[in-house]
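Labels run A, B, C and D following the written order; every chain starts at residue 1.
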Amino acid sequence: MGIALEKISGVLQKFPGGSVLATSFDAVANRARANSLWPLAFGTKCCAIEMLMATGGPFQDMARFGSEVARQSPRQADFMVIAGAIVRKMAPCVRLLYEQMAEPRYVMATGSCAISGGPFLYNSYTIIRGVDEIIPVDVYVPGCPPRPEAFFWGLLTLQKMIREGESLRAPGIRRKPVTAALPQGITLQDIREEMRRLLEAENVVDVTKATEARAWTEKVEQWTQKHCLRF
Amino acid sequence: MSGSLLWMTTSAAQASPWAVKTLTDRAAEALPSSPWLTLAYLAGSLAALGALVSFLGMSLIYVERKLAAHFQCRLGPMRVGPHGLLQTVADSIKLLLKEDIVPERADRAMHLLAPFLSMSATVLALAVLPYSPSLQIADVNIGALYITAVGGLGVMGTLLAGWSSNNKWSLIGAMRAAAQIISYEVSATLALLVVVLFAGTLSLSGIVQSQAAGWWIWRAPGVGIVAFTIYLIASTAETNRTPFDIPEGESELTAGFHTEYSGLRFSFFFLAEFINVFVVSAMAATLFLGGWMPFRVGGLDGLNAVMGLLPPGGWFLLKTCGVVFLLMWSRWTFPRLRVDQLMRLEWKFLLPVGFVNLAAAALLVLWNLYFFP
Amino acid sequence: MDAEALLEVLIASEPAARKRDKTNRTAIQAPVENLLPLMKRLRQDERLAFDLLLDHTAIDWLAEGRFELVYNLYSTIHGHSLMVFTSVPRDNPLAPTVSEIWPTAHWQEREVFDLFGVLYDDHPDLRRLFLDDDWKGNPLRKDYQDDSMLARPQ
Amino acid sequence: MTVRIRTLEEIVRPPQTADSPFSTQEYFVNMGPQHPIAHGSLRLVLLLDGETVRRVIPAPGYVHRGIEKMAESLTYRQIVHLTDRMDYLSALMNNWALSKTVEEAGGIATNPRIETIRTLMAELQRVQSHILWWGVLGMDLGAFTAFLYAFRDREIIGEIFEDTIGARLTMNYIQPGGLMFDVHPDFARKVKKLIVYLRTILDEYDTLLSGNAILQERLRNIGVLTPEKALALGCTGPVLRASGVPYDLRKAEPYGVYDQVEFDVVIGSRGDCWDRYYARIEEIRQSLRILEQLIDNIPPGPTMVTKFAERIKIPEGAYYGQMETARGVLGVFLVSDGRADTPYRIHFRSPNFNNLWAITALAPGWRIADLIAIQSSLDLVIPDIDR
């Protein structure tokens, strides 16, 4: 049913004047999606207390944005909040959860652990340095742990992205507007390059080598191929 | 008993200002003159039913979320529309557009069928509910029995959903649902029979009209309130809501029988739950609180005239909302029961009490020991 | 029982045990062969009655080629505590299990097995605890190498 | 030599298929790592017979970050921030446990002001942690409103922490040799207000949840942990005390200023879920008593006795220090080789690690719903188990 409805805007376009209709249909759909983001109740560490519990609490109240319907089953959730460190044992599970979610699905990485490994960056033998190594991330919310206000910043950014970026006719555009949350004139690529330059200038990490040297990413990939191929 | 029964039927036929005219009656009347009008009636009532279902579902979900929020010192939805009024609209559009997943190893046909079965069972019940004297789709003469039968059908959808998902948690949830709904059906029916005994009819509008001299909750001394309580508990259990939400039991079974459902099909279960809440509340109002009948006390004509100022439809809505509030109140207050405690409550407590209550009611009817016989 | 009296009782009953210095609590050192009878006595002797095994862990003395196992005991009856040290060679790290005396050792020993690779004789369920079953190496050993570990810049 | 190394797959084999379509069979299910009861990421493999739990196999490690390995290359002050991230609900007590051990080993003497503020902060955190636990227990048992009430009150304590510390969860406040900052000028006033408020609110908790017949039915006589079993399983904290063993480090080995205040150790009589539930509620009251006695008596003095930039060196040896956190005994086992300013080996004896295994002894024979109640009553924080 959902798939049939997604074709509506494509069908509409074939009629004279249909593109206007299709655009407005998209606009309505995107607004609805943006305002009805149900999180997946999944937290691994301290960030979960702040991100999923405190934000639902009376002082912050995630329900104002229509996001209080935390679903326990990934099938019914719209976005996943990666709250806390992801370790190598957990990686396949996170990937599986992502694969189980129904399109359109969004991911918000909250806290330094989920973004880059944070305090566990060095000398930890299990940590994954950034959850974006396993699943695509839409919004990064920095902090250790971020304040609930920061979570709302992330949620509103995600809403803005969905309202403006994604179209039913061209799904996947939303991958780009990650930069929507960045200041004008700076792209994500710029930041990556700058980070790389800084890290390599200090001769701390050879970024390319460090990424390639992780044999376990292949393991996750194989595991995913084996278990989640048919989704 | 036959005396009182006779009084009922005669009073309803002769002097009642509440002449019931259902949509089916109107359609049947129009049939000889113009079949097109009949068709228009039918199409109109179908459309109205669809609109009613979606409106009811959405508004109840909105009310539930707002109510829960205010119970919990929160605000609830605020951003979409004024005070979040459009929140459920946004949710429905999103759910419509969401990907529809059927797990690879699920029983595909049954998996697709289950939500519709669950939904249709609850929608069927809406057809016989008396909303007001002029607004009722069909007045089946076994209305009360029909509601019970159709309500029992809903468990088929749940069971099918749990079985076809090929997920152990879903299956546990479905089994719990089946055990629970079938058990509590018995108590609900026993409570319903008390009213049927007093009213002397199975037709729902007949039951409403029998309360012209007073609602059965107080007119049947003692047994009325006991039956009402039993009915409320049993019907909360039938709708799978806290404290009887063990089939979904979020903290135990992730999401129970609908763990594997996404998008539209999940929303059907969601909607069915809320329509069910409405149906059982409307039934409780119809059976015990006089349905669309204003608050009347036999003999007090002044009071009855004042009460009659509010149209019957308004009374129905008011009472139903009251019962819905009661159900939501208990949902956001109580913890969840365990499955064997749930069964113990039904078989060791509600059922014996229900039987005793029914016997007492029979005696009261036999000896005319109730108000305004 | 105060620390001195405790040590006296212990060393009298178990001649192989020695007092261990450089700790902030009463501590004894025993050879691994005598560990099991010593532990049994610690649990069963009414004067000692160590009924709570608070902690069990290991230290990797790489330079000396041995693992030092540490048992941290407490007696809720007498209110005294004791640390027991024992050593196993690094190339053949085999120690007796005390999980029959204190069931909590079951999992603490599994943790040590997981992170140090110390094997426990007669352990009923020796499995990796935190890491995947097919993990290579024992991370808390001083010579553990892992490609994915980033060294901290000095 | 009878060492046999096993794997999880070896244990979790599907049972033999039934011969007849009508015979029943036991089956394994995974509870977690993503499950509402996982409280983070605990995985329990359950062997079920219908609804009855036959066996529980906990499989932790889904947030094992290797804190002990990381700490070997950090100075003692740097390790403090890692302890925050173990049991994040008792972050201050974790800080304190490490600081206390380092101070004891390094021979650093603190002053009464530092100790009093530490005690106050620790008790506030204990109250906060227990309130959060109360809410989570409510949520696990289906009373969602309790959860939000708990968060309402937790935020008030969080605000007090925020005034002084600037953090809401990962405090990094208590350092070896003192405190990061002095307390906020508003601290005493707010704490006094909080004490009055919490006294009334605890009665509200009793009305909402404790007095509820369904809750009592769900908790009473469920998962009875006898004192012998509790000790054998290494349980500590409220779990052990609810079984009737009055082992509270605040009394047994007083640290901070606990020897100068009056409070009672709360013990249970039966050791069922209800005792564990009410022991914690009662502990909140005791903590309020401690707060009340100390809040007006913070002695003057500096809040840091060492220079902050000074690197602490510990003489060669093995040291063990322990503390009563909200969940039990947190032990810090520290080995120094006397040469570096980093520990040679550091090990945390976490209370949750030992309390978790109580579930393997408690849950078999009960239903799934009871397993939820039992796990909730143990009050587990998973990152503390995994470290």
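We adopt the following convention: a contact is a pair of C-beta atoms (placed from the backbone, for glycine too) under 8 Å apart; a residue touches a chain by one contact, two chains touch by 3 or more.
Because the structure is predicted, anything quoted here is derived from the model rather than measured.
Each chain gets a centre from the mean of its Cα atoms; the one farthest from the centre of subunit A is C. Each of B-D and A-D has its own count of C-beta contacts, and the greater count is at A-D.
Centre-to-centre separation of subunit B and subunit D, using mean CA positions: 46 Å.
The distance from the centre of subunit A to the centre of subunit D, each centre being the mean of the chain's C-alpha atoms, comes to 31 Å.
The geometric centre of subunit A is 41 Å away from that of subunit B, both derived from CA atoms.
Each chain gets one centre point, the mean of its Cα atoms, and the points for subunit C and subunit D are 24 Å apart. Shared interface positions of subunit C, i.e. residues touching 2 or more other chains, are given as 130-132, 139, 144, 152. Each of the following residues of subunit B touches two or more other chains: 72-74, 250, 254. For subunit A, residues touching at least two other chains, in rising order: 57-58, 72, 89, 122-126.
Interface residues of subunit D facing subunit A in the complex, by the touch rule stated above, are 33-36, 40-41, 61-67, 69-70, 72-73, 81-82, 84-85, 88-89, 132, 147-148, 151-152, 154-155, 168-170, 382-383. Residues 21-25, 27, 51-55, 57, 59-60, 70, 72, 76, 79, 83, 85, 94, 102-104, 106-108, 111, 115, 119-123, 125-133, 139-140, 144, 152 of subunit C touch subunit D in their complex.
Within the complex formed with subunit D, the residues of subunit B that make contact are 68, 71-74, 168-169, 172, 176, 242-243, 245-246, 249-254, 332-341. Note for the complex: subunit A touches subunit C at residues 88-89, 121-126, 129, 202, 204-205, 210, 213-216.
Of all residues in subunit D, only 1-9, 11, 60-61, 64, 66, 68-69, 73, 104-105, 231-234, 236, 245, 247, 252, 315-322, 329, 331, 333, 335, 344-345, 347, 349, 353-354, 357, 361, 386 touch subunit C in the complex they form.
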